[in-house]
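Some structures are shown below for you to check.
In the two assemblies presented below, subunit A is common to both, partnered first by subunit B and then by subunit C.
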Partner chain A sequence: MTETLVRETVAEPPNRAAPPRRKRREDPGRGWRLYLPLGLYLLFTLVPFYWMLVFAFRPTGSTALVPWPITFEHFDTVWNDLGFGLFFRNSLLIGVGTLGVVSVLALAGGYALARFRFRGQRLFLLALLCTQFIPGAMMLIPLFVIFKGAGLLNSLTGLVVADTAFQLPLALILMSGFVRNVPVELEEAAMVDGCTRLRAFFAITLPQLRPALVAVGSFAFIGAWNNFLFALMFASRQDKFTLPVGLSYALGEFNTDFGALAAGGVVAAVPVVLVFAVVQRFLVQGLSAGAVKG
Partner chain B sequence: MRIRGALAVALSLGLVLTGCSDAGGGSAGGNATITFWDNNGGPGRTPIYEELIKRFEQKNPEIKVEYVGVPSASVQQKYDTAIAGGSTPDVGGVTTSYLANMIGQGALEPLDDRVDAGPLKGKLLPNLVETVRQTAPDNKMYSLPSSGNLDVIWFRKDWFDEAGLTPPTTWDELVDRATKLTDVGKNRYGYTIRGGAGSVFQLLTEAYAYSGVEKFFDGTTSTVKDPANAELIRKVAELYKKATPEADVNNNYTQMVAQFTGGSVAMMHHNLGSYSDVTKALGTDKVGAITLPVGPSGKKTVVPNPTDGFAVFKNSKNPDAAWKFAEFLVSQESNSYWNEKVGQIPSNTDVRSEPWIEENQPVKMALGVLEDPATKIVPAPVYLPEYSSITKTDSEPAYQKVLLGQLSPQEFLTGLADKLTTAQQEWEARK
Partner chain C sequence: MTALDTRPVIPGPPRRRRRQWAPYALIAPTVAVLAAFLLYPIGSVVYYSLQRYNVTQPWKNGFAGLDNFRKMLTDDPLFWQSLLFSTKWVVAQVGLQLLLGLALALIINETFVGRGLARSLVFSPWAVSGVLTTGIWILLYNPSTGIFQELANLGIGDHGTSVLGDPSTVFPATVVAELWRGVPFFAILLLADLQTIPKDLYEAASVDGANRWRRFLSVTLPHLRDAIVLSTLLRAVWEFNNVDLIYTLTGGGPANQTTTLPLYVARKAVDSHDFGYGSALTVAGFVILLFFSILYLRLSKFGSRA
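And then the complex of A and B:
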């Protein structure tokens, strides 16, 4: 019996997994099988962007698939005739304003939610979550009336307030998760060494929350940057309109200026792409920290 | 520390830079500022209004006009929100498609007395005035009509010439031409069907042009299900995929126009609003327009498009200045300037004698139709609050089934007619 067992053991290859692993490494088709579908998917994703660029850079009336010679006539139209210069400035101010207010409030609120226990805390968190189910369009008329009473119509401040109100709940939920991820013992150690809670927060916790701030701030900026409904409804003066409103100008009742629409799309997309290009490292880090450990 | 600094900068930037709220409108020191909302703002129309506002302010230095271009797709929602919030403009561009809704909310001033007391008395195209009046339960004029629009068939003159064909004058000829001009190998189709958004309104204009039925309602019963209307829909549906691109089942007007201007279809049913798009893309020498062909009855029946105009809002703090501006926009000079630029039918009858009318074949032809005593105008019941939901939400998917052969034209029209009849009966009961 023992002999049989020994023989069987000897007859078995010492490591069954090793040869196939070598074989996989030598498989010449592996790259194709992986990268071909990925490449096709990438092409599929990029086609709308490609069309946007083609329409933006080729002359009116051209049906060429490659925009050559390149023309900037559509950019001239959107920037100078449609007023995208001003709309861009407005969108930027609203985006930065919302980013600033949301970041500060989310930081303070998120810290409080993570570090303190208070009556109704779970209910409050549930309420925050539930606000995400309410579409902005439903709140439009009540908000309009409130803003009118508060003198916030036709002002960029009003749009920052509206955008902040809609961005803040999610930002608070995310931020409280990020704060929970920072060990409370670090702060306690600082306080044992003589720091106040505020100083411990600024010296110890805040630097740890850098990825979180980038994540929350980016979402707030992009949310405000892309918001069409509030900008259209709360601003009734041309000089307070934003880029998404400007983009819809190119879609007329009877005619559509595809060149202007595409050029406007490029102008509107560039800051978002830049934001993601710069912060994506922090964003992934921040989101995964909040999602997995928070 | 750096984070703290960045936060402080961001917050202060946000609060300081955006803190530029200001009050609008009102009058100060005898000078009035009025707000004007353009219901179809964009690169094509905004510069025309800016020029007209400049001319108005030169003539009336005591009145300043603030222009706001509202994107056409959102204008109804913008007006509804402004009315609910009590923050409407002084003057606004409106079309008859949502005029009834605004009248129902009590937002607009009736303009009959002002028109009768001024230079526009007797100078407005009667068909357009009638279309505006029909939207109001009290038959008053709540909008000063400025432009008319008419459905036409745009066609490629060069393709017709190449094939030795003449433009169609009847629906059977249209079917014949569409079939002959189709060459799938060359990606050329004779016709394009609007099967997606906005399809049913367009289909009804075709059906009534074919059937010659002169009223939308017989009493309160909808005439939509008339067998002759069904016959036309069958003819159109039979063209689908044989003489039209297969994607037409989802076509909205943008896609239709893109197909036509892109050079893949020979004929397209749209309205005069496409004038600048089609002529810019193909040139005036390659494109022609004909009115919708007639059917076997030989009658010329026209379902008019929504009529554009200007409304004065009840909430206006300067109603006289607001009216003065609206009246200026429809004066001969302004109305001529505006309609020549956009290629639509001028509402001011004095513009008829302007030289540009003779040179603009589509507008001249459309004016001829509207002025012809033999033309029967069949206004669609856009005053019914349910009209839009019945013809769009309920009927557009049903029409797609007709195109795909899953529903018969007569069944489709019977369903549509029943809903319209119910809505009309409720409207009459509320009057």
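And then the complex of A and C:
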């Protein structure tokens, strides 16, 4: 009986490989209705990215719309002279740290939510959902006071802690959806065969959750990488700046050097956009798995 | 079915009733983190809001009762101004994001050649931080080298104007920049829900002679209702609290015209170290959001799907 109940919670997989071409051919206007708006929207999405790339790679003073020959002078300026190399390192450490902590905690909590029924479960879930409505700006003053007392101001650890607290709820909600999508029968079979629950988890369930971990970890990473408010407020020493903070100072100072501004933007954008392009389909799956539905 | 689904999955190995400790152990670290860095701070913000608490004037610190709130409501035009701008901003963002995001989700949900790539590209701005969005749009809006100049060179539109410097265009220019980043996530949320609509519903509707528009109205929209309610609410809250983009794009100016409530809080807290008053502003923002959220969920009859 439990099995049938569980099945309901499993979302249909996105029908990627099911092209009912036969029927679609009969609709002559479909191509236009689809590709025209999509093309327009792609233009809106990509032109700004392209603009940044053009500025980043063409020599100062050039107005060519295609940056050729390309130059790396702006990257040299931001990376070495303006300290973006250090900011990049700080952002990376914070991102990876947050990713690590959030992944482990979300895995543990997500498993608990998906596989157990326990007292206080609804309350816990409700609390998780509620955290989505807490503004970051609201945390500013108390966290500042806490961090000051704990000596966490101007430390990367402090930023990992703050980012973890903010990324964890959504990561947990997503993860419990992913765990629910792994058939519980596999685990049960292993347990019938004499595995402990722990062994069953590590041998059977965890490998199935690899894409889920990639997705959840990536979003934690992106969130921490991009967090501006906390980094701005809690890390005032320049050697602890992150990329968004460095960039925001650059925005004020680069009224003339657009090349450097664009190059700084590319440095900040490339890692997250790459990560995101790879994992976006997992996000859609995770959300379909029932995470955001009332 | 839902995130609040708490039905038993593994009945638990032993049949005898034993106190379970595993789930509690598993969520304990999370509870600890959230309690220390989300719950406790919320409590202390409420506490600070009732205090005079200014780091630069410690001798004046002490219990203030509702003084901070009285000052805020009766004697602070900037509070009302920032609240008004926040509201304007949220309405513009959420309305446009819903329209564009829904259209985008519907398109990207179709099966077509290159869908995977199109999805990755269309969604990619969401990964970009507010500060970076600002950087990109500053380049794009720049009067001498931006897109309006290039278009003017091609004979389209006026000669390049400074859209961010002109008080009449700064608002739409800021809205468009945030839409660029915000629409994709809205589309992702709706797309996720679109994919859970059973195909046979559409087939049944087709057999009954429903045309495309009809199918959208009577199958797609009702199914999406809860997702739309939740995502518009989430976006409204997030956009209300948006700091990074507005802070870096306009700095709240000109003349505080684009100062949102969170921006005002940050300024009170960080620039003037007035933690007490800043906390009162924060609490006000939170109460407004809470009230709005409850009202919205009530009015939309969230979760009561027929």
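Here is the rule we use: the second predicted complex is superposed on the first by the 229 of 294 C-alpha atoms of A that agree within 3 Å, B and C clash if a C-alpha of one lies under 4 Å from a C-alpha of the other, contacts with A are read in each partner's own complex, and residues count from 1 in each chain.
By definition in this document, a contact is a pair of C-beta atoms (placed from the backbone, for glycine too) under 8 Å apart; a residue touches a chain by one contact, two chains touch by 3 or more.
No experiment lies behind these values; they were computed from the predicted model shown.
Comparing subunit B with subunit C, the partner in contact with more residues of subunit A is C. In the superposition on chain A, contact is made by A:141 with both subunit B and subunit C. In the superposed pair of complexes, A:99 makes contact with subunit B only, with no contact to subunit C. Of the two partner chains placed by superposition, only subunit C is touched by A:188; subunit B is not. Of the two partner chains, both subunit B and subunit C are touched by A:63.
Of the two partner chains, neither subunit B nor subunit C is touched by A:270. With both structures placed on the common chain, the touch criterion links A:151 to subunit B but leaves subunit C unconnected. In the superposed model, A:118 lies in contact with subunit C only, and not with subunit B. Once the two complexes are laid over each other on the shared chain, residue contacts for A:43 go to neither subunit B nor subunit C.
By the touch criterion defined above, A:233 reaches both subunit B and subunit C. Comparing which residues of subunit A touch subunit B with which touch subunit C, the overlap comprises 63, 140-141, 144-145, 233, 245, 248, 250-251, 258. Partner subunit A is touched in their complex by these residues of subunit C: 1-13, 20, 22-24, 26-27, 29-31, 33-34, 36-38, 40-42, 44-45, 48, 100, 103-104, 107-108, 110-112, 116, 118-132, 134-140, 142, 145-147, 150, 180, 184, 188-189, 191-193, 195-196, 198-199, 226-227, 229-231, 234, 237, 240-241, 243-244, 247-248, 262-263, 265-266, 269-270, 275, 278-279, 282, 285-286, 289-290, 293, 302-303. Those residues of subunit A whose C-beta lies close enough to touch subunit B in the complex are 60-61, 63, 77, 81-82, 93-94, 96-101, 103-104, 107, 140-141, 144-145, 148, 151-160, 202, 206-207, 209-210, 213, 217, 232-233, 236-238, 245, 248-258, 260. For subunit A in complex with subunit C, the touching residues are 2, 5-6, 8-9, 11-12, 14-15, 18-20, 24, 34-35, 37-38, 41-42, 44-49, 51-52, 55, 63, 65, 105-106, 108-109, 111-118, 121-122, 124-127, 129, 131-146, 161-162, 164-165, 168-169, 172-173, 176-177, 180, 184, 187-188, 191, 197, 222, 225-229, 233, 244-245, 247-248, 250-251, 258, 261-262, 264-265, 268-269, 272-273, 275-277, 280-281, 283-288, 290-294. Looking at the complex, you find that subunit B touches subunit A at residues 1, 3-4, 7, 9-15, 17-24, 35, 37, 40-47, 66-74, 77-78, 81-82, 84-87, 89, 253-254, 257-258, 262-263, 270-271, 273-274, 276-277, 280-281.
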